[in-house]
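So that you can tell them apart, the chains are marked A, B, C, D, E and F in the order they are listed, and the count of residues begins at 1 in each.
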Amino acid sequence: MVNTLWLVRKLGDFSSDLVDEERDMVILIQDGVLRIPTKKGWFVCREDAQARGIKVSEHIAKSYEDIAQLIVEAKKVVVW
Amino acid sequence: MVNTLWLVRKLGDFSSDLVDEERDMVILIQDGVLRIPTKKGWFVCREDAQARGIKVSEHIAKSYEDIAQLIVEAKKVVVW
Amino acid sequence: MGDNSEKVKMRFLFVVTSNPFAKDFGTLLNLVKVLSKRGEVAVFFSGNGVYYLTRPESKILKDLGATLLYCAHSAHQRGVASLADFFESSSTYNLSKILPEYDKVIVFN
Amino acid sequence: MGDNSEKVKMRFLFVVTSNPFAKDFGTLLNLVKVLSKRGEVAVFFSGNGVYYLTRPESKILKDLGATLLYCAHSAHQRGVASLADFFESSSTYNLSKILPEYDKVIVFN
Amino acid sequence: MRKVVFLLKGDPFSWKAHEALRVGLAIGINSEVNFIFIKDGVYSLTRWYPEKLEIQGFEKLLENMDYVNVKLFVEDTSAEERGLKGSDFVKEVNFISSEEIKELIKNAEAVFVW
Amino acid sequence: MRKVVFLLKGDPFSWKAHEALRVGLAIGINSEVNFIFIKDGVYSLTRWYPEKLEIQGFEKLLENMDYVNVKLFVEDTSAEERGLKGSDFVKEVNFISSEEIKELIKNAEAVFVW
């Protein structure tokens, strides 16, 4: 189970040291998708990437439906 | 005469390489005053620093009256 | 939180203080769309979020079934009045009261 | 620009597209205050700047003698109407026409 | 009582900071709020002059924090990097490390990032 | 005709970018506008889908740029760093170096930074 689901809009500004790598999940949304993550547990919002014409590998893409399910399952959501 | 008067609100985001060091002047305003400049030709808005409780040496302080006069004299103003 | 998700509908509360002509608008719409299928959604607008009251496209949120509340103090301070009857006048005090009733809180500042 | 500053009053044009409940508000006030002593000041509000039309404190700008114009298109798009009669309805087309008449242009986006 | 974390990470002299405190104060009536100032956000609690910035003052809000369930924290390294010590703040604050913030967020049920 | 520079430095898929183009187009009727995209701003001119972001499209504005005095520039290093080449842009753009931007700003009579 995910403890904290982080939805990150601005990567430059994000305090990623607050992420619990074992139990959290990070999903880049909005213009956050312009930087493709390489860390384990970090994903990219598929629709937000597509809307911006950014290509993302399927294995790191999460749809809004996925995100909704994660919001339901996670203990909490933090929008950064 | 000042060619470009730069009023800089966000230092982190500022493309300082666009400044002409010979003929331009940079004044930090708003929260820009939280970072005290050390470069020649760079100043800090006195009232904006005071309002934030930030101390600034007199030799790099410019008041709004000074800024008004510089706006009149400079070829143009760029707010960043 | 959410322990009873199988028995009762999960409840989602959004708090929005950012401007409607900014990037959060589309994100909010997308999230309300997918979450309203999974439970009840309410959105509380405060600060610059009360400008949603004047943006015509806010109606989409209502059509998705969300309850729309706003901080009357913020609206008054900004000279904003809701032309639409589907925004309910509220307060941060009320936000405080209802927050514990929601399973998930999602904040856009 | 400004070659005739001794003969005729210098003219300053502000263009503001940022929100009135943001940090530019105080800066704009300070600059209009000091520049209105040195010439004529006009402020053109567009985009989110049209929310200035609803912020009561905008009157300070008028009291300083500034001409206040706004983009009617932006205001309409945001469902904003001016309650104050000292804001003049205008357009980006008009902004384009008047811009060359001003000695200094100062833009807050 | 819900465990709520507020994180104010910047724009210390702004309506946003004012709104963060105003909402935090209200939430503190019915929940347990850990209100943490990090990065430039820490300046919010220093001595400054809101009336000069056309912003409503924070004093009243900060004063009322004593009557609700809000605990104020300042990240130690954020204060240190800016040369701020305890006496520079208008209110008694608790210093907190990044690790401890991580722990508070881990245990929180809702988080407001400003 | 006044020499005006527009600099769009970020928020490429936003109402702000839309506003920059809308105002630039208008100013271009009576002034000479050099409209320069730098940093993330360069994405504004790539192929993307505004309707999916609840934003009005830029096509019409960009199309009309041909009928006014607006010249579009993309900073070369900003494009390069993002792996974007000429064919990735929806309109024919002029690549420009940081030095040349500095020169355009030096000679401008008004500058709009977005």
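Assume contacts are C-beta pairs under 8 Å (C-beta built on N, C-alpha and C of every residue); 3 or more make two chains touch, one makes a residue touch a chain.
What you are looking at is a predicted structure, and each value in this text was computed from that prediction instead of being measured.
A.B. asks: Through how few touching steps can subunit B be joined to subunit D?
C.D. replies: 1
A.B. asks: Which chains make contact with subunit D and with subunit E at once?
C.D. replies: Common contact partners of subunit D and subunit E, which must touch each of the two, are B, C.
A.B. asks: Where are there more C-beta contacts: A-F or C-E?
C.D. replies: Result of the comparison of A-F and C-E: C-E.
A.B. asks: Farthest chain from subunit F, going by mean C-alpha coordinates, please.
C.D. replies: The most remote chain is E.
A.B. asks: Counting in whole Å, what is the centre-to-centre distance of subunit E and subunit F, each centre being its mean C-alpha position?
C.D. replies: Using C-alpha averages as centres, the distance is 39 Å.
A.B. asks: Can you check how far apart subunit D and subunit F are, centre to centre, with Cα atoms defining each centre and the answer in Å?
C.D. replies: That pair's centroid distance is 24 Å.
A.B. asks: Measuring from the mean C-alpha position of subunit A to the mean C-alpha position of subunit C, what distance in angstrom results?
C.D. replies: Centre-to-centre distance between subunit A and subunit C: 22 Å.
A.B. asks: With centres defined as the mean C-alpha position, give me the subunit B-subunit F separation in Å.
C.D. replies: About 26 Å, centre to centre.
A.B. asks: Using the touch definition from the top, which residues of subunit E touch two or more other chains?
C.D. replies: Residues 11, 13, 15, 52-53, 109-111, 113.
A.B. asks: By the touch rule stated above, which residues of subunit D touch at least two different other chains?
C.D. replies: 1, 21, 23, 47-48, 104-105, 107, 109
A.B. asks: When you check subunit A against every other chain, which residues touch at least two of them?
C.D. replies: Residue numbers touching two or more other chains: 31, 47, 75-77, 79.
A.B. asks: For this structure, enumerate the chain pairs that meet the touch criterion.
C.D. replies: A-C, A-E, A-F, B-D, B-E, B-F, C-D, C-E, C-F, D-E, D-F
A.B. asks: Which residues of subunit C touch subunit F in their complex?
C.D. replies: Subunit C reaches subunit F through residues 21-23, 25-26, 29, 57.
A.B. asks: Give every residue of subunit E touching subunit B within the complex, in rising order.
C.D. replies: 11-13, 40, 43, 46-49, 52-53, 82
A.B. asks: Spell out the part of subunit D that touches subunit C in their complex, as residue ranges.
C.D. replies: Those residues of subunit D that touch subunit C are 19, 21, 47-48, 51, 54-56, 78-80, 83.
A.B. asks: Which subunit E residues qualify as touching subunit D in the complex?
C.D. replies: Going through subunit E, the ones touching subunit D are 11, 13-15, 52-55.
A.B. asks: Could you pull out which subunit D residues touch subunit F in their complex?
C.D. replies: 1, 15, 17, 46-48, 74, 91-93, 95-97, 99-100, 104-105, 107, 109
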